[in-house]
Every structure is written in structure tokens, then in C-alpha cells.
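Please find the structures below.
Across the two complexes that follow, subunit A remains constant while its partner is subunit B and subsequently subunit C.
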Partner chain A sequence: MKFPRKFAVPVAAGLALAFGMADAAKAETPKKGGVLNFVVGSKIPSYDGHIEGTFGMIHPIRPFYSTLIRVNPDNPSSPTDFVCDLCVGEVPKGEDGGTKYVFKIRDDVKFHDGTPLTADDIVATYKKIIFPPEGIASARKAFFKMVESVEKTGPNEVTFKLKFPSGSFIPSVAMPFNFVYAKKDLDEHGYTWHQKNVNGTGAFSFVQHQPGSFVEGKKYDGYHHKGKPHLDGFKAISAPKMALRLQAIRGDRAAIEFRGFPPKARDDLKKALGDKITVQESDWNCILLATPNQRRKPFDDPRVRQALSLALDRWGGSKYLSKIAIVKTPGGVVFPNHPLAATKEELQKLPGFGTDLKANREKAKKLLKEAGVENLKIQFNNRGVDQPYKVVGTWLIDQWKQIGVDAEQQVNPSPVFYDKLRKKFDFDVSIDFNCQSVVNPIADVTKFLGSAGNNYGGYKDEKLEAIYDKLLRAETEEEQRKIMREYETRALTQAHLIPTLWWYKINPHRSYVKGWKIAPSHYLNQHLDQVWIDK
Partner chain B sequence: MVTTSEARVEAQFEELTDKKPIGAEVREFMRKQPLGTFGAAIVFVMVFAAIFADIIAPHDPVNNSYEHILQPYSAEYLLGTDQFGRDILSRIIYGARTALFVGFTAATIGAITGLVLGVASAYFGGRFDLIFQRIMDIFMAFPLIIMALAVVAIFGTGIQNVIIAITIPFIPRCARVVRSSALAIREIPYIDAARANGFSNSRIILRHMVPNVMAPFLIMITAFVGQAILLEASLSYLGLGVQEPTPAWGLMLQGGAEEYAESAPWVAIWPGVAVSLAVFGFNLFGDAVRDTLDPKLRSQ
Partner chain C sequence: MWQYILKRLILMIPTLVGAAILIFFLLRLIPGDVCELKMAGAGLYADQEQIDICRENLGLNRPILVQFWEFFSGFLTFDLGKSMWTGKEITYEIGLRFQLSLQVAIMATLVSILLAIPLGTISAVRQNTWLDYGVRAFSIAGIAIPSFWLGIMIILGLLIFTQAWFGTPWMPPIEYVPIWVDPLANLSQLIWPAIATGYRYSAVATRMTRSALLEVLREDYIRTARAKGLMEKLIINRHALKNSMLPVVTVIGIEFAFLMGGLVVTEQVFNLNGLGKLFVESVTNQDFAMTQALVMLVVCVFIFTNFVVDIMYAWLDPRIRYA
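Showing the complex of A and B:
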């Protein structure tokens, strides 16, 4: 299976335009020096990229590490443009019918403790990620289901052998969570050592972490990308409250926040600081989904789930919610604008995406009546985070009210929310999210499979699983797209997960921050080696 | 037929009790307690708004109107609209219902439970009193908001849990005050007489002791209502109280204050004013009730 290359050039160009990259394209000579202060709105659960999935870890810790390959820092909006980080030359193409990838490893890289990087470190790292020993967690193991083996095949050579050709392999390798660790550290200290310790080959070396306060890094002089980093160091300041983060940028105590602000905050900053603020915007590979709990009645009835989806005014919601929240684009299961995503016409044929809202809601009421739950009351589990969870949650309750569904929102702090969603399954309908780093639709849509580790709906849909299996093995680009439509139609007709709106990333930052380009994910392009300060 | 002597006794009794008509009592209260009267007026307005919210609110408080998001003051929306296009005035009016419901329920349950426990502790004395008071000491060692936060963290969010969270810290506070009054009552001979008559402990506590500690109890309960409103607003502001789309003042502040304080200040200002006025009103009224009922202060 191959990525639809014929789409690559027009997509990259289209996304670049859509993401407003024109300003960023201006060539400027980077200035050396300075410390970048940025604010982070979440905590660091641990330093181990292999087990974590939060920007709270990525933003402060990613600059300490390198990855085998990465999204091109100069073109991060492209879903197909990958470049070597620890490998040499071009990102390898698949050999043997796309089942073998050979990476040549750089021989000029040293870890911050002075240990030289070798192919053994790459092998040890990917074995930890793909084939972790029992009892060792690996958050992205499922992304590498196609990998049969990873071996050292030369002094500076690593070979991945795949069970079958897969277009999602290279994007999976490029995920920013795949920090490369030293084999020596894994062997000497064990597989959990990196949760509390840092030793990477990134552009910055670890100085200190004051929990709840800040993480500090300083320039690593031995960094393998010569001439980089431009900064002397960085300070990632913890600021859980959005008001605090905004004020930090406004008062110039921080220059940037990498996750994203709502539109009103952007407008306030721009109004107050004028051209001292630069705004970068992008579609975001992140969507909130309403998850009906099919372990409970009546949510095991597809009519009830479909009614909940039909009630949503996605096109109107896009217009209004985009003024107050970090959501904007109506879309199906695939990241909008990607070649595998549904076109607007295709989307409007899916239940709940049609433009005749009145007809949709009449149908929803009829379905509820047929299911015998005209006056449905639901407990709606939501996460205690304003943007966009609580805003979208309040919108959902209003939308469901229009078809006579009375939803009681239970907003819980993140640990309680996750506990109810993932362990206790104590909800009727819960908000959930599908936020990925590298745009990799064939891997990203696994969220809709009942068998997926990150799906909490409590259902089995053999038909959907069979379609996905076909999708994984699709040989041609046209075939991938066709099967993806089949998959999407099945997933959204059954309404196992109910898509709301795709997120929209808005990053207002101090104009003196240069070199950082927005990506369609808040996880991407955070190694900071290309960032400089124009002061 | 009432005999002359009986009539004389009744007349003497009325003279001794000096019972005035309710209107005269109110007039005297207003004359002696102008600030308390002002507080009572605020409380009255709140209660009126809460009871008749369905009639006086110009809009549905939970109805999102996306065409009208963040609109400033206008004839249609007197106090403007919030980020979901909901009428702020209507949400404040309905918010009074939430505030009073939580305030009165938590204050009443907390104060009554504290009253019974405090009197029982004083009545039984000895080891029971000692252990019970140490337990109360533990509860009172935590500030109100911390205790309420801990309870919400255990039970979760939602209006019922908020009431529980606010009620629990009130119990020891009321029990401690009531106990001190009840200790004095316990030493009065009529309690011994009741015991000698073979009355049960519960009868002595509920029929003979509780009515005699009503003055401190009423003072506590009025103070508690104001505190409960403030606590509910605080918990909701912290995202741990009532949840959207329920109209509640703290929640309105939480949803709007941070993001729109600058561009749409009315979203934050009016719920803040409502909370401040309500607490101010109950505090003034509570102080006046205390001054009126407390014999020492009354004599001054």
C-alpha cells in the first residue's frame, strides 16, 4: 500500500496556502542567541515520549531529543514531506514491494552525556516502542502493527521489515513521540528510567525542571544539525490558566504558546499589541467526538445514536463556534483537506452532515420515537477544560435539546474524566477526542474501530473491521480513497462515534519569534532547533 | 366563662411578654436597623426574582442564540449576551434561583444538623462530648472552601454534591456555637425536672433544649446562607460546582471572565455584581438579626 503520491504536490501547495504560510516563507538570516520563553498549559506526567501523549510533555521535553525522521520543519503543513533527522540523506523508499525500509544512520551524533549514537540505539528505541517487554507501556505500539522486525544490518544501518506494505509506516516513524534513547541507558537503567531522566541528542540539553513552574534547556553545542540551534536556551513556563498564558504573552514574559488560543484571545492580543504580534493559523488534526456507551441501553440501538448525530448543526456550528472556540471545520473521519478526506459533496450525503437541518432533526425525532425513547435523558461526561471541551459540550447539549434529548453535563477534572471514560465506563455519552500528530489517515481512523485500544464505545462492528482490513491492504490510491468512503459511511451511519467539528489552530505570538512554522498538530515541529529571536 | 382572677393573670402575662403586632415589629426593626433593612430588601428582591423567574426573565436562560453572541447592552438584551448568545439578565434572574436553592438548602440542613448535634453533645456531656468536639475540631481545622473542595473532589460535581459539599463544613460551625448556649441551658433546673419526670433524652433535647437555643441558631443560619451562596459561586467558578447550561452566577463568571473580560466586559461584570450584592445583602441582614436577637447587643 502506498501513499497517494499524485496528490502530494497539490495537497502540499493547497495546505500551505490554506494555512497562511506566505509570511513564513520569507527568507531571513537567523540571528544567534537569546532565550525563548514559552508558556505551556498542561502538566508533565513523565519525560518518556514513548508512553505519553500530551503536549504538556512534548512542548518542554521534545527539544531535548531527536527522532529518526521528522516532518520537514520548513514545510510542516505538508502531510507527506518528511526529512531525515538521525538518518542520512533522503527518507528511504520502501524496497521489496514496500516491505523493507533501510535507514542509514548518522555517525556524527552524540548524546548529551557524550555517548556516540549508533544503529544499536535506533534498534533498541524502536524495539521498545514496537515490541515492548511485558509490563512496559508503549502508547504507539498499535501504529506499528505492520512491522515484522527491526534489526541492525550494518555498522550504521537499520532495517525495518514489514508484514505487508503500508502507507502509514513512514508517517508513524516520523511521530514526534518516538524519542531516540541510548541503548546504554535502557540496558543500564531499565525501560522506565526515561520517565524521570533526560538524555537525548536534541538541540538543547536539560538544565532543570521545577515541577509546576518551569523546564529549562540550554543550547547543545554538539548538535548534529550544524549551525543550529539558534537560541542559547529555552524556558517552558507552566501556566495552566489561559488568562495567565495570555497575560504572559501580552506582558512579554513569554513569547509564544504552542498549543493555540481561541479567536477572541487572538483578537485581543492583536488589538493590544498590533504588529508586535504575529498570528499563524492552521487546520488541526484533532476532533472532538461524542461517544455513546453501547454497553448501556438505549445506546446499543443505532437509531438512538444516529438521532444524536442528526441533531447536530455542523455547518451552522462551524460558523458560530469558530468565533468562540478552537474548532471550525466540519469533516468526517479523515483530517479535512487530505486527499483521503471526503469532499463537501460526499460529506453532505452522510447522516448528520446534510444541510437541511430541519429534515435532519425531524428524522432524529422519528428515530427516537421508533426506538421508544422520545424523552431521552442522558448523562454527558465532559472534561473540565474550557477550550474546546466545555464550549463544544455546551453546544452539544443545546443541539440535542432541539430533538427533545435532555442531557445533564458532568464536567470532571481530567483524571476523573479519563477514569469514567476509559476504566469505569460510567457514562451514557462522553466526549472523547482523536488528536494525532503526523497526518496519517489510515492509522488515524482506527479510532472508530471497536477493537481499537483507544475506543471506549464498547461495541463490536465486524463489518467495519473487515472494511478496515481491506483499507490496510489497498494497493492503489484510488482504491484507498474508495474504501475509505465505504469505511466512513459505515462508521458514521452506525454513529459509533459522533464527530463534532475539527479543531482550528490559532497561534498568536510575539513577532520577534522567527523560524517556527505552524503545523496541523500541536505535537509537531517542537524541536525548536530552527527557532530564533529577532531582537 | 373566664373568671376575674384568670383574666387578670392573662393580662399580666401579656404585659410581661410585651407582644407587639408584627407590623410594629417590622417598623421597629427598620428604624433601628437601617442597614439590615437594606440587606433585607436585597434578599427580598433575590427571593422575588427566584420565585417569579419564569415570569420576569425576558428570555430562556439556556437557549443558545448564535446570531447574538457577545452582544452589548440593547433594548432586547438589557445586560448583553454571553458567548453562546444567551441573555445575561435572564441568566442572572434564574441564577438567583440556583443561588438561593443551594444557599438555603445547604444552610438549613447544615444548621439544623449542627443544632441537634451541638445540643446533644452539650446534653450528654462526658466522653461523648469530648470525642464529638474533637471530631468537630478536625472539621473546623480546614477553611470552608478547602473542606468544600475536598468534598466535591470525593463526590464529584453537580448541584446535589455542591449542596453536600457546602453543608458538611457548616455542621461543626453551628454545633460548636449551639453547644456553648446549650451547656448553660443544661444546668437550668427544668432540665433536671424533665429527667426526673422520666422524659426520654430525645424529648428533652428536641422539646426542651433546642427551642431555647433558637437565637444563636437563627443568627447562624442567616450568616450561612450568604456564605453558602459565595461558596456555590466559588465552586462553580472553579468548575467544580453546577455545570453548564444551568444558570449560576459563579459559572457565568467562570465561562466569561477569563476570555471576555476585555472585549465583552459585561459577561463578567453582571454576575460578579449579583454575587457581591447577594452576599452583602445576607450579611447585612444577618448582622441585624444578630443585633436584634442577642440580648447583650440589644441592651447596648
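Showing the complex of A and C:
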């Protein structure tokens, strides 16, 4: 029987599609085994997540631990999607007007040393983080200012009581630094034991750490997320030089680097290895800010600060800088993809974000003239790190030159840079940055408050503080969004801190690495339980 | 000879004390703070209260003289304390890196000697011939090319050529394996930095061998040996080379000491977890305790190497020990 020619093409296409889909389905079934080698560009100060703040610790140590809740590993790009890790079911909603959160704890979890996890471990962990004893550091204590108490309220139940309802509570709990420790370890060995020892409930158990060289982990067979992890183990290799990390991926000494590379590095890798490299990209919860020092004249004058903001061509800068640096998206005080962030239309109404660059700069010049500083000279403190500090710093100088401001850039090594910014306040304008892990706008925007411990502008703005106070207590998202616009308008009109561009995360990696999804922060989604190797 | 050795040993004490005072107080002049860097360096929010707790725990709030005495007395009793960055024992941190740095230093010195002495000798014996010009050009290139650049070129070259020839790019391993665990993996990682730095240091030693040998070859006793009818090979090997080695040994000794703590950039390029990398990290982290210990270690290595060189002087030239 002759096959009708007119059906040949559709049938062939159908068969190809069917086989293609089958192949795709097969390709997406995780394979078991293999060791993931990845490079880390920073160092491990200690293993204690509760006191550290660097990805140099998170990338190699996070896979040994679990957290109470976490960013959804299947949807990490969403800034609002959280799932249970050590709790059961859904992430709890606030009760009693948002002042009470009850977590049901899993009863099938064991620490790597065999100790079963109980509600007591969760309570002890969070008490250490929120109410550390005197002399014990806790880097994220301030994120839990709204918490009144954390108690065991049942055999497998933990209740957090809040002083006031807060939209930033759940994102704070989901922070990847909140490793859950065994109460037994804290009681027997003390609160500093975890700085040098590891005993978690994560997907991998600790094998060895050669300081300055690598951290090795192996699959934990008793992991509570059944069927995971897929890998037999991992090796986090320390490689401080970016060029070497790049070459390590090219030479297949490492499969991935989780922090991110600049666009040129992505292009080079892609050019050299073609489809053996897969690239994942995302907006990054990190922004460089120009901070005018309001202890010094004329930076105490809002007209001068606003002029410095009006000079910036953020939309054009986004286009050009994103080709050479790890920055891209223009945005206000909130991470661009979050529901609380300003829309493009809302943003364009703010000073310095309008698209009529000529008008912006004319206004800037006028403001400088009114302030009596037409030939303003600036001493600009910048950090001696290429990506993206020096690139953005050079761009800022050029932008300010367009309105007649002469900025002298002083590029300093990190310790000197911090000393000038945080201790001596020896700058006219300085680069500063706001990089967070979980996108938690209500906590993240405190950076703009004069009273914030990490604000170095030297100003008081009672009006902004009052708006923030309202924001902190707003219960519904709609209300939060409305107050956030008020807060943003005030902060950016006063130009206490001048936003440049939000960072852009680019992760080129070996195509055989599957299951890892990029998140808006290099701190997130690093438990590695869903990662597998397709070799 | 024993008196000579004793004198050299006593001279070490003021050098060590001076170095300890200098490094301790110079470090304190650098702006910055290990706690700030640790807790807020990545840009995350850190409470001032937490930074203060960190300072208190590390003893940074105590009077400077108390801190100095703790450091110096610790050094005298071989208790170097703990790293301010990792909290681990400094002896443990240094011990881990020492074997790698020592191996690279020995391998680079061997590469340097294997290149320098034959080339320097050929250059001197065949003075002003094309061979001499070739060796001189080779050694001047070695001085002119920074070893880190050569290192980068070696890695890129390996990646590009292996991809072109075998279809898969290859680069040396980036994690250290001790030679007794896996000699092949160890050598395939360390041979490249040894070549990159060994070539650089061979250049200086080659030129030194050449000029020293030329000087000796013009001595009266060499003329006498030639007049006696001794074979040229014997004259060079037995009479000229040994006597020309004095400045070469000095250069090689100093180079070896420098390699022990000075491979800062090469270690970064090849991702070697050695003392140079640790040095850079501890300085950038403002880890005073570690930096002090490393400086004192390098001072000790220099002093010891100079001591060995002095002893070799006395062995090579009896006039020195009798003087």
C-alpha cells in the first residue's frame, strides 16, 4: 500500500515531535550519581551560617544544612514563593492578625550524627539567631526585630509570636543563613561549636575541608526529601581569581560557578564550547548606590543630591553597561521583579528616572546653580573591585561631568574603602551597596533610613522614618505597596542614596549540570539537593 | 668553623626582634578591620553591636602593647595563636600550605639550576658566539617576562592546543593532591608553575654563572692549568666551575627563600593553595595574627637560607672560614 504523499510531512513532523518529546522527557529524568565540582571565588571565614554573610561560606556549607522554610527550588526566580523544608505542608499564614505563626515540624528528619530532629532544635536555633546570649554574635538578629518569642507549643510544633504583624517575617525565616542546629550540640558544645564543626540535616554530609583549597561533601542517605539528592557528592573548590574560575569551567575542572560572570566571560565560554555551555541569567538582588556624605557641605543640600541623581542616564546606561558589566536593570528602592517594586511608569515619575535626559540634566544644572555650586568638585570613594564597582564608578564620573560636576575617583582596596565609608566618613560621595539574600523589600529598604546601622550618609529624615514605621505595620500587600511608593518617592526625591542600576546575574555552566535553577541572589537555592549530572 | 656558625646564629636574634616589632606596628597603621570585613564585607546588613562583639572576642579592643606582648611571647613559645578570619590554629593553616609551597620552591629551584648552570657555562665558554647570544637572549627574556603572565599563557596555551588537537580542552588540576597520594596528579598540577617561576629565576642565575665563570676563566691558575696541558673539560668542570659558584649559590639561595613566601601572583594564577595565596588573603582580610605569623615565617626562612649560604661559602672558599 502506497503511503499518501500529502500526509508525509505532517506525519514526519508528528513523529519527530513525539520522539523529541520522549527524548526531552527522558533527558529531564534526573540521573543518579556523580560528583559536582564547582568553583567558589571567596573564602570561608567559619561554618556558622548564623554569624557569616559571605557566599564563600554559603556555597560550600549550605548543602550540609536544612532550614525551616526555603525559597521554592523549582521556582527560585520568584521573590515570593516559599516552601517548607523542615516543616510540614504549606508555609503557615499569620494568625491573630498576623502576629502568630505556627510551624508543624517534620518527624522523619535526622541529623548526620543520627540524632532525630525535634521542635526543640528549631526553637534552640531561632533563639540563638534572634536572642543570642551576651557575647554571642548573630549577624541577622536585626531582621527579627518583630519577633517577641519563639516557643515549642506541641511535640512537633513551634510558634513564633510577633510584636506586630510584619510582611518581612516569612522572608526573614527563609534566609539561607538560618541553618538549623541540634539543640544537643548547642547545649553540649556551646554556641561557637558550629564555627568549626558541621552537623546538619542537609542533603550532603561533611567529608573534609582543606582550608584555602576545597570542601567535600557526600550524599546523605537519610535525607528527608525522599529520592534526593541525586548526586553522590560535591566538591567546592576555592578559586579567588575570576580568570581561573572561567578557565576551570572551560577545562572541565569545574562544572559551574554559582556567583556569576560578566557578559564577556559568558560570551568567551559560549564561543569556545558552544552547546556544551548553558547560560542562565536573572536580575540580581544587589544594587550599587552613590552615597553623598551629608556631614559635608554642599551635600547636606537636597538640591545638590538631586542634581547628582538627575545627571544619570539610567535607561541608556542599562543598554551600554550591561554589555560589559554585571549590571542591567534600572529600578527604585525595591528589587525590580517584586510585587512591591515600582512599575516602569511609576519609576519614570521619580527624579532621575525620566526618559527625557536633556530635561533631567538641564534641571540638574539649574539646581546646582540655585545651590551656588555650579563648578562642583567631588572626592568619590570607590572600591577596588572591577565588577561592577570600577565600571559603574567610571560611568558615574562621566555622567556627572555632563552637568559640570568634576569627580575625582579614589579607588581603594576593600579595607581602606570600608574604613573611609564606615568609620572615618572621609568622602564627599562614596559607592555603597545593598545586596541581600532573600528578596525581602520591607527589610531591604531600611538601607535608605538615616537611622540604619548600614547607612553612612550621616543624615536624619524623620519623615522617611515615619513612613517606614507605617510600612512595617502594614498588613495587606496592597497597603504595603501604596506605602512603599510613598517611601520610595521620599527617599529618591531627597536623594539620600542615589541608586545606579540593579545587578544582573549571569551563570554560564557546563550543560551536563541539570536541576539547578538561577535565583535572584547568589545566596539562594544552594542546597544542591535537586542538582544532577547528565553525563 | 664552629665559632663561625655560632656567630651567625647569635646575629639572628636582633633580626627576628626587629622584624617582629616592624610587622606588628606597621600592620596596625593600615586602615580597616577584620570584623567589618567578615560581617559586612559582602554588603549584607550587619549590626554595629555584632561587629563590636567580634572585636571583643578577637581582643582587638585591648591596649596595643598588651596585644604586642601576646604576639611576641607567643612567637617565642611557638604558640602562634588562631587566625582572626577562620578561628583555626595558625600552625595548622600554615602547615597545610607549607608542603605545597616547599614542593613548588624546590621544583622551581631545580628547574632554575638545570637551566642556569649548563646555559651559563655554555654561554661563558662560547663567549661572543651565536650560542652565547642565543642564551643571553633567552635569559633576558626570562627576566623581562613576568612569571604570572607566563603562567596565564601556559594555561591558555594548554586549553587552546588540547582543544585543537584532542577536541577537549585540558588544563592542570586546580586542587592540590600530595605527591605521595597521587604523584601524577601532583606533578601535572605543579610542574607548570615550577616551569613558569623556574624559568624566571634561571634567567638571573644564568647571567650570574656566565659572568662569574668568565671572571674565573681569566684567572692565573686557569692559564697555568691550560699551560700544563690539562683537558679543557677538566679545567672547566673541576677548577673553574666550582670556584665560580660562590655568587651563583648566593643568588639561588635568596631565590629559594623568596619562592617560599613570594609566589603570590603565580599561586593565584595556578590556584595553588600555598603560602603566597594565604599571605594575600590574610592581608586583604586584615587578619593581623596570620599576617604576622607569615611574615615571621618568611623572615625565619630568609635567615635560615642565608645561614646555609654562609656555611656553603665557608665550604666552597676556605679563606672565609679562616678569616
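Worth pointing out:
Basically, the second predicted complex is superposed on the first by the 506 of 535 C-alpha atoms of A that agree within 3 Å, B and C clash if a C-alpha of one lies under 4 Å from a C-alpha of the other, contacts with A are read in each partner's own complex, and residues count from 1 in each chain.
In this text, a residue touches a chain if its C-beta (ideal position, glycine included) is under 8 Å from a C-beta of that chain, and two chains touch if they have at least 3 such contacts.
Source: prediction; values computed, not measured.
Applying the stated contact rule after C-alpha superposition, one finds that A:I397 touches subunit B and leaves subunit C untouched.
Touching more residues of subunit A than its counterpart among subunit B and subunit C is C.
In the superposition on chain A, A:K241 makes contact with both subunit B and subunit C. With both structures placed on the common chain, the touch criterion links A:I136 to subunit C but leaves subunit B unconnected. After overlaying the two complexes on the shared chain, residue contacts for A:K323 are found with subunit B alone; subunit C is out of touch. When the shared chain is aligned, subunit B comes close enough to touch A:D268, but subunit C does not.
Of the two partner chains placed around the shared chain by superposition, subunit B and subunit C are both touched by A:V416. Touched by subunit B in one complex and by subunit C in the other are residues 241, 243, 413, 416 of subunit A. Taken together, the subunit A residues at the contact with subunit C in this complex read 39, 42-46, 51-55, 135-143, 195-196, 210-214, 235, 237-241, 243-244, 247-248, 250-254, 272-273, 286, 413-416, 418-420, 422-424, 433-437, 446-447, 452-454.
Subunit B meets subunit A in the complex at residues 62-64, 66, 69-70, 83-84, 156-158, 239, 243-245, 255, 258-263. Listed in rising order, the residues of subunit C touching subunit A in the complex are 30-33, 36-48, 50, 53-54, 56-57, 85-88, 93, 96-97, 152, 155-156, 158-159, 163, 168-171, 173-176, 268-271, 273, 277-278, 281, 284-286. Residues 241-243, 262, 264-265, 267-268, 316, 319-320, 323-324, 384, 386, 390-391, 393-395, 397-398, 401, 408-413, 416 of subunit A touch subunit B in their complex.
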